Every structure is written in structure tokens, then in C-alpha cells.
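First chain written, first letter: the chains are A, B and C, and each begins at residue 1.
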Amino acid sequence: MMGAQQVLQWVVLLPAMAIPLLLLARHYPNIREGVSLLASITLFALVTMLYRDFTAGGSAEAVWIAIMPGLEISFRVDALGVLFALVASFLWIVTTLYAIGYMRAHAEDNQTRFYVFFAVSIASVMAIAFSANLFTLFIFYEMLTLATYPLVTHAGTAKARAGGRTYLTILVGTSIVFFLPAIIATYAISGSLTFTPGGVFAADTSPVLLGALLVLFIFGIGKAAIMPFHRWLPAAMVAPTPVSSLLHAVAVVKAGVFSVIKVGALIFGLDTLAGLWSTDLLLYLCAFTVIVASLVAMRQDNLKARLAYSTVSQLSYMTAGVLLATSTGLLGSSMHIAMHALGKITLFFCAGAILVAAHKSDISQMRGLGRQMPFTMMAFFVGSLSIIGLPPTGGTWSKWYLITGSLEADQLALVIVLMLSSLLNIAYLLPIPLRAFFPGEAHPVEGPVGIREAPLPSLIAIGITSLMCLLLFLFPQRLYDLASAVGG
Amino acid sequence: MILDLYNYWVVIALMMVGFYSVIVRGNLIKKLIGLNIFQTSVFIFYISVGKVDGGTAPILVDGVTLYSNPLPHVLILTAIVVGIATLALALALVVRIKDAYGTVEEEEIREIDEQ
Amino acid sequence: MVHLPVLQVVIPLMAAPALLLLNRPWQSWLLTCLVTITAFAISVSLLGTVYSTGTISYELGGWEPPWGIEYRIDLLSAYVLLIVSGVAALVAVASRQGLDADVATDKQPTLYVLYCLCLAGLLGIVATGDLFNVFVFLEISSLSTYALIAMGPHRRALWASYQYLVVGTIGATFLLIGIGFIYSLTGTLNMQDIAARLPLVDADRTVHTAFAFIVVGVCLKLALFPLHFWLPNAYTYAPSIVTAFLAATSTKVAVYLLIRLHYSIFGANFALDVLPLNLLFLILGLAGVFAASLVAVQQPNVKRLFAYSSIAQIGYMIVGLGLGTVIGLQATLLHLFNHALMKGALFLAIAGVVYRVGGSDLAHFAGLGRLMPWTMAAIVIGGLSLIGVPLTVGFISKWYLVLGAIEAGLWPVAGLVLIASVLALFYVWRIVEVAYFESPTALTESAREAPLGMLLATWVLVGANIYFGIDTELTRQTSELAAQHLMGGQP
């Protein structure tokens, strides 16, 4: 049995170590995908070990190297990290399974490159999840951007290039122009970048300055997709569906929210956060993003684009949860990381399955598809319920706590926004499965001919994630325990 | 009073003449001549700085106590060598330019390059 | 080994006539490699000595300073010597095949002669403690540089060389005028001695004039915006190997010279009351960063693109100086070192492309991501370093520069520096897109990976880009101590 500290190091290294094996096996697709699957399962097992150790009261640490005095690459296990890593590594298994079916059925080129950069991205996500300080977080945040770029532009077409350009410009741009100076300023003011419960700033630090810093942080963490820096997410939808699902519903965007929570709770501290002039302003910006992104989503006919705007809106829920600066809001945000991930990945999987099996990407063409792909459309229905926050799905809980948090913080406006957004969610998500099953009078009942369900591995993946959405409604306790330990 | 320092005025005049030619002339050879005048003015500046009124060459001879400062003169010997090397290299370049472009006029070279 | 400070300069200087007599391409290359590697070994040993026993003072010919010429190696000189001789050695190794693309075989021995001469001049500028010596070495390096550039394959190389010659000579002559003023005021040429006597001089206006001539002269050599117009043509049309060498060393030495003259001779606070030099540096530096980056984004030729990028990077160094703090100066010193690593790697990789494809227009890069994977990977990593992505040296420089700006309370400067980094992303990514997303054209389809020797040298530099981005001990400590000494007015 390895000590928790070794496990922690392996968690970061393991996905990276799969890369040479993937390259060696590049001419043997079965072995290559076997390696991918094996690596993801092992990784999940390791993260589970960390989880056990953490719930038993352990807090493993690992220091790699000090680049400059006070600037270390080091890792530490904490509640939020475990939560994020569990979600990401679990979904890596599922996505690999899904990708095997999808990439083969779609006959994509450069599959080895795809699996390699996927592994690099997961390694970065693990490093982000367990980073012990802002500096480590920043390094792997950037690495994640760069590692996902080849995945986004996988198709290599002019459209993919344009999307990749937007993706890179906004993510790298915000991180260098806002995030980096915020980090350096934090270092200059407080002398520390280590995540500390209660924050790192001395009590007498000028609140005006801190308020400005908060603005830099929130805009700088472009992966959280607050408007007006959300454009990269729809642009990234040119990627193959497995990429969109794992990276742009889970890993990349959640890395953004994860960073926001870390900064809010462990760099500023909730108490400091509550007293800043900019907190409320940013909160209203989040509310604005929630509503506007939902409205835009309604007008998208391309399914992936609609899901992307839905993600933009949901991400702002989580950012808003942090900015409420109450422990209940933080709890809601942290839980929503997991809930939204499961719900949204299900939806993306379904979108990919429809593309592969029926070659359809526009919602208007999906009427009546429920006859041919009943399983996929049922899963889509479950996923939608979870995103909306209706029983019997896990999304109910996180939305519950977000609303309770808003009430506690006397932010009635936000409560209304959340309610309104739920209605909008219903309006843009539910019609899709409903029309698939009940196309209405004007459409032939048989629907298009010759369409069958997606390949089996993909279907298994869809089944697992939608089942998880339901299970988390019934058994949310462990997730709740983890999420409520985030602030401390 | 101003004329007392006439040597410096000469230096400045030469310097400006040289500088002007470098900037204004389009002929590469004339530019080099200007450059050379510019350099020479600095040489003269050094030499006149080293000269001490009534002083003689710094050789130990009985009865002579006032010497000019030899150091600037030695320095300028080096600088003159550098100047000659520069000029030689520059002229060699101009010869090659003439071969390659068929002209030594800046305007014409630019026109040829822009085509 | 007391003679090391002078051997550092004399070995390449003496190698030049030897090479001229040798006059055979292959043997000349071997000797050049030996000479440059020896120079590098000496610089390593010098840095070690300076660390253990402090500043080295060497009396040339046994004449005691200030009468004789002194070679003075302090931490700053040792640090610059290290990077200059290190890059020179790597470029020399790569030049065996790299020159074939641009220079006829029978001309190559001559090029090696000039290469050694130029290196001797650059090392001499850094090693010497005598002001007039600086001028002489500057001219040795400049004259050989003009000739090196003129050896480029295109006739435009001649014109570029001529333009550079005129500008360079004016710059050097300005320096000579400044030195003349200082000598006539203090009666000495030894830098230490001048620094001691200058405060006692009762002729402010003359000192200021001397200072102005010297600063303008040196700024011409280091291509500070707006005195940079000679640089793009020179870098574009010189043989690719020469470009790699010059980009990594020559402007760095000029920056060293500016720092040395400004801080060691005139003192950190000189003339601030009459001349807003720091403000001027800030403005010109930032203007250079932006103007050059914006031009770089539009360049169709990759060598020219990175030449403009060099002007921008020099802007960063000047901004560091303009901050007027220890951290700002440290940022400049770090970037001096780090930028040599970046541009060395980038231009060597480009030399590889020129060798295989025959040109450096963007069109020559189409589809190379597949055909020359290692060379292109080097360009990507070098480019990331240029942008300032963490775990590369570029990040370290940016970190200190922004930290310095924030500490000095100059938030807009910090912001502008970082916005300019995004411009670097744009121009680097143009190459990445062409190389990885376009299919090979008739121009590029027969390209293969660059020869092993070039690849090796390139990747040593790429490795250094990453290594010094992670283990910053050497660069950070050396630059910090050097910056403190310079600011404190100590040698």
C-alpha cells in the first residue's frame, strides 16, 4: 500500500506516463485504446485512495520544486480538489469508453494525437485539482489551455482553425493580461500564494486595491466564461464531441470555476470577500451572464452551440455562488461542479451519438428521432432535468443550496434570476427530447429511415452518466460532506 | 573670447558638414566621404584636447618641462586605424553593390528592391 | 589560471588569423568549434571564480591600473560572458551544415574568421575595464558583423550591411565623442577610476553632454526604438546562422554596455534631476514593444518577423531599466540572458528550415509540422517562451518585470507589458498555424528533418529555455546580486 503522498504524485504523473505507451502503440488501435482505458481506470482508483485518506483525516502534501523563493510547484489534497479530481477522473473513464465508439464510427484522423493530448489535459486537470498554491494552479491552467488547443482544432479545417484562434486568444489573453498580474500583485502585497483557509491578505490591506484585484481575478479566469469573455466556449465546439463533452463540459470549464472557488475561498477568504466593493458588481455581472446566455442558447439551432451557451450560463451560477460569500453559496457551487458535469456530459454524449448515428447536428432536424434512438433521447431527457434542477436528478440539490445561499445573503435579485433561468432552461432543453418522442401531427410517425442507435461503447457511456444523475439525487450525502468541507 | 576656442569651432563645423552629407546625400560614395569627415572631426577634437599650450613632444630632454599629453594622440592613432578599416570595408561593399545593382544611388537601389 | 580573463578574449582573437591561414571549410569549422567551446569553458570557470572569490581584476601586461589597461570581471560581466560564449559555441556547432544553404563552400572559411573576430570583440567589450578598449572592441565586433551580414545569399544583404555600417559607425563615433569628453574631464580611461573622479568634477554640463552622446551612441547599437531601423534588414538578409548568432549576442552586449556605462560609471542616480531618463526609457521601451510587435504580426517572412520581435524584446529590457529599481534592473538582466536563449533557439530552428526548404517566408513553413517535427517543436517551444508561458524562461523574465512595475506602483506599465505578450501570441501562432494546419506545398513537400548537428544545437538551447524556466537558481541569484551591486554603486 502506497502512502497518500506517493499516491498524490502518481495522480499527477500517471496520465503523463501513459503518453509514451500511447505513442508506441500508435499503429495498434486496440492496444492504444486499451492503454487509455487502463490509465483512466487506474487514475480513478488512485483518486479514490486519496479520497479515503482525506475522509480519514489525512492531508497529503508533495513539493516538487521551488522555481523562485516563495514560488513552488507543490500539491496538497483538500476537499474541493478531491471532489474535482473524482469527477474528472471518473468521467475520463466514461469518456474514453465513449470516444472509442465515437472516433471509430466517425473515422477521425490522427486518433493517436487525440488520445495523447487528452492524457496531457487530464494530467493538467489533476495538477490543477491538487495545486497547493496559486502559482502551481496558474502553470497547469495554462498547460491545460495549450494541451486542449490541438484537440479543439482536431479537424484541421478553416473553421476549426478560426475556432482554435478564438479559443487560444481569449483564454491565453485573459490569463496573461488579468490573471497573471493579479497573481503577481497578490504576491507583492501579501508575500504568499499558498491557498490558506481564511485568505492570505492581512486585515489592513486596502479594500479598494483588493476589490480591483478581485475584478482582475474574475475576468482573468477566462475558463469560467463570465461575459464578455465567454466567446471561446462556443468557438471550441468545432472540436470532436468527446472533447466537447469531457473538456468543455467538465475539465476546462470546471477548472475555471474551481480556480474561482479557490481564489474566493482560500486567497481572499469569504469574510474579506463579503466586504469588497466589487463583489456585488461582479455578482450582478454573473446574473446578467446567466440570463443573457440562456436567451442566446434559445436561439441556437445547432445542438452543440445551444449546449455551449447553456454551459456559459451554468458556469455563472457557480461563480455567483462564490461571490455570495456565504458558506451555503460555496457549498452550492462546489456541488454544482459535480452535478452540472454529469448532466452536461450526458447531453454532449447524446449530441455526439446523434451526430454519429443520424448525422444530424441541428435541433430542427431531430423531430421524431425518439423512435430510432429511444435510449439516447431518454438519456437526454434525464440530463436536461439535471441541468434544470428538477427531481429526480442530482441537479436539484446544488440548485437548492445556491438558492438558499442567495436568500441567506439577502440577494433576492439573484433568487429571481435563478428561478427565471430555470424556466429558460426548460424552454430550451426539454423541447428537444419531447419533440423527438412526440413529433406532432405534421411529421411522419416513422421518422427518417435507416437510423440506429450509436455504437455500443458510446451507449454504455451514456447509460453510466445518466444513471449517475439519478443516483446522486438519492444518495447525495458523500458529495455534500465533501462540498461542505471546501471553505475550511 | 569665443574665438579663443577656435579649434572646437572647427571640430563642430566639420562634424556638422560630415553628418549632413551622410544624411542628405543619396550617392553611397558621398555618404562615405561625409562619414569620414564626421569621424575626422572627432579625431581633431581628441588631438586638440591633448595639446598643451607651449608644450612639446613628450620626450625626455634636459631643460624642457612642459609636454603635451601623448595619450589622446595614441588613442586617436588607434581610432584612425579603425576609421580606415571601416572605410575600406564600406568601399568594398559599395563595389559589390555596384556589381549587384548596377548603381550606387540610394534612390535607385530602393526602387530596384521594391520591385 | 590567473590569465583566464584575457585568454577569454585573446583565444578567439588569435584564432582569426590562424583560421585565415588554414582556409579549409571543414577544418575551419572544427577549429571554430574548439575555440568557442574553450571560450565557453573559460567563462564558466570565470563565473565560478567570481562567485567564490569576488571580482577579478587583471592587469594587462602587468601595468597597474589606472595607468595600464585593466580587465575586470565582476558578476555582471561573468554572467554576460557566459551567455554570449555559450550561444556562440552552440551556433558554431550548428554552422557546419547550416551555412551550406546560404554561403558557398569556398567562402565559408572566411566566414569563420569573421565569426571568431566578432566573438572576440563582443567578449572584449564585456571583459574590459577600460573605456577606450570598449570602443576598440566595439569596432572589432561591428566591422566583422558588417562583413558577416554582407555574406548573405541575396544582394539585399549588401544594402542591409551598408546601412548598418553607416548607422553603426555613427553610433560608435558618438561613443568616441563621449569618451573624449570624459577623458578630458577626469584624465583617466579606467572605469573604476572614472566612477571615483566623476563626482568631483565641477562641470555638470560637459558631463551631461558626454552622457547624452554615450547613451545615444549605445542605443543605436542596441536598436532601441526609434533607432532600430537598421536591424530588420540586417537580420533578414544575413546568412541564417549569422542571424542566430547576432540575435542572441550582439544586442545583448549592447544592453550590457548601456547598463555598465550608466550604472558603473555615471551611477544609478546620475542626471535624474535634469534628465528624466527613466521616464524616457519607459516610454521608448513600451513604444518599441508595441510598435515592433504590431509590425511583426504582419510580416510575411519569418526571419523578419522575429527580427521585429527582437526589437520588441529589447523594449522590455529598456522598460526594466526605466523602472529604476533593483527588481527592474534584475528583470532586464534576466531577460538579457533569457532572450538570448529564446532567439538563439528560434533562429537556429529557422536556419534548419532554410537549409531544408530554401527560404524563410511563411510559405516555406507549410506543412512542416509533419515533415520536420523536431524543428517545428523547437519553434513552438521557443515561441511559447517568447510569449512568456510558465515553465519557460520567458515567464521568469515577465514575472520580474511585472513584479518590478507593480512594486514601483506603475500599474499601467505592468498592464501594457502583459498586453504586449498577447501580441507575441499572435505572431508566433501565425507560424504554428501554417506549419501544422496547411498541407505541404510543392515548395515544402520534399523537406526532411534538419541535420543532426543543427538539431542538437537547437535542442540544447530549447532545453535551456525549459531548464532555466524551472531551475532559476543560477540566473536569478546572479542577476539579483549583480543588480544590487549596480544599484548600490559598488563594482
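Note that a contact is a pair of C-beta atoms (placed from the backbone, for glycine too) under 8 Å apart; a residue touches a chain by one contact, two chains touch by 3 or more.
Chains and their UniProt names: A, C = Multisubunit sodium/proton antiporter MrpD subunit; B = Multisubunit sodium/proton antiporter MrpC subunit.
This is a predicted model, so every value here is computed, not measured.
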| message | Based on mean C-alpha positions, which chain is nearest the centroid of every protein C-alpha shown? | response | C
| task | Could you tell me which chain lies farthest from chain A when each chain's centre is the average position of its Cα atoms? | result | B
| field | Distance from chain C to chain A - Cα centre to Cα centre, in angstrom | value | 44
| message | Counting only Cα atoms for the centres, state how far chain B is from chain C in Å. | response | 28
| said: Centroid of chain A to centroid of chain B, CA atoms only: how many Å? | reply: 70
| task | Would you mind listing the residues of chain C that make contact with two or more other chains? | result | none
| Which part of chain B faces chain C closely enough to touch in the complex? | 19, 22, 28, 31, 35, 38-39, 42, 45-46, 49, 71-72, 75, 78-79, 82, 85-86, 89-90, 93-94, 96-97, 100-101, 109, 113
| request: Would you mind writing out the residues of chain A in touch with chain C in their complex? | output: 65, 67-68, 138-139, 142-143, 146, 153, 156, 161, 165, 168-169, 172-173, 176-177, 180-181, 184-185, 187-188
| task | Report the residues of chain C in contact with chain A in the complex, numbered from low to high. | result | 384, 387-391, 396, 398-399, 402-403, 406-407, 414-415, 418-419, 421-422, 425-426, 429, 433, 437, 469-472, 476
| Quick one: in the complex, what on chain C touches chain B? | 132, 135-136, 139, 143, 146-147, 150, 155-156, 158-159, 161-162, 165-166, 169-170, 173, 176-177, 180, 183-184, 189
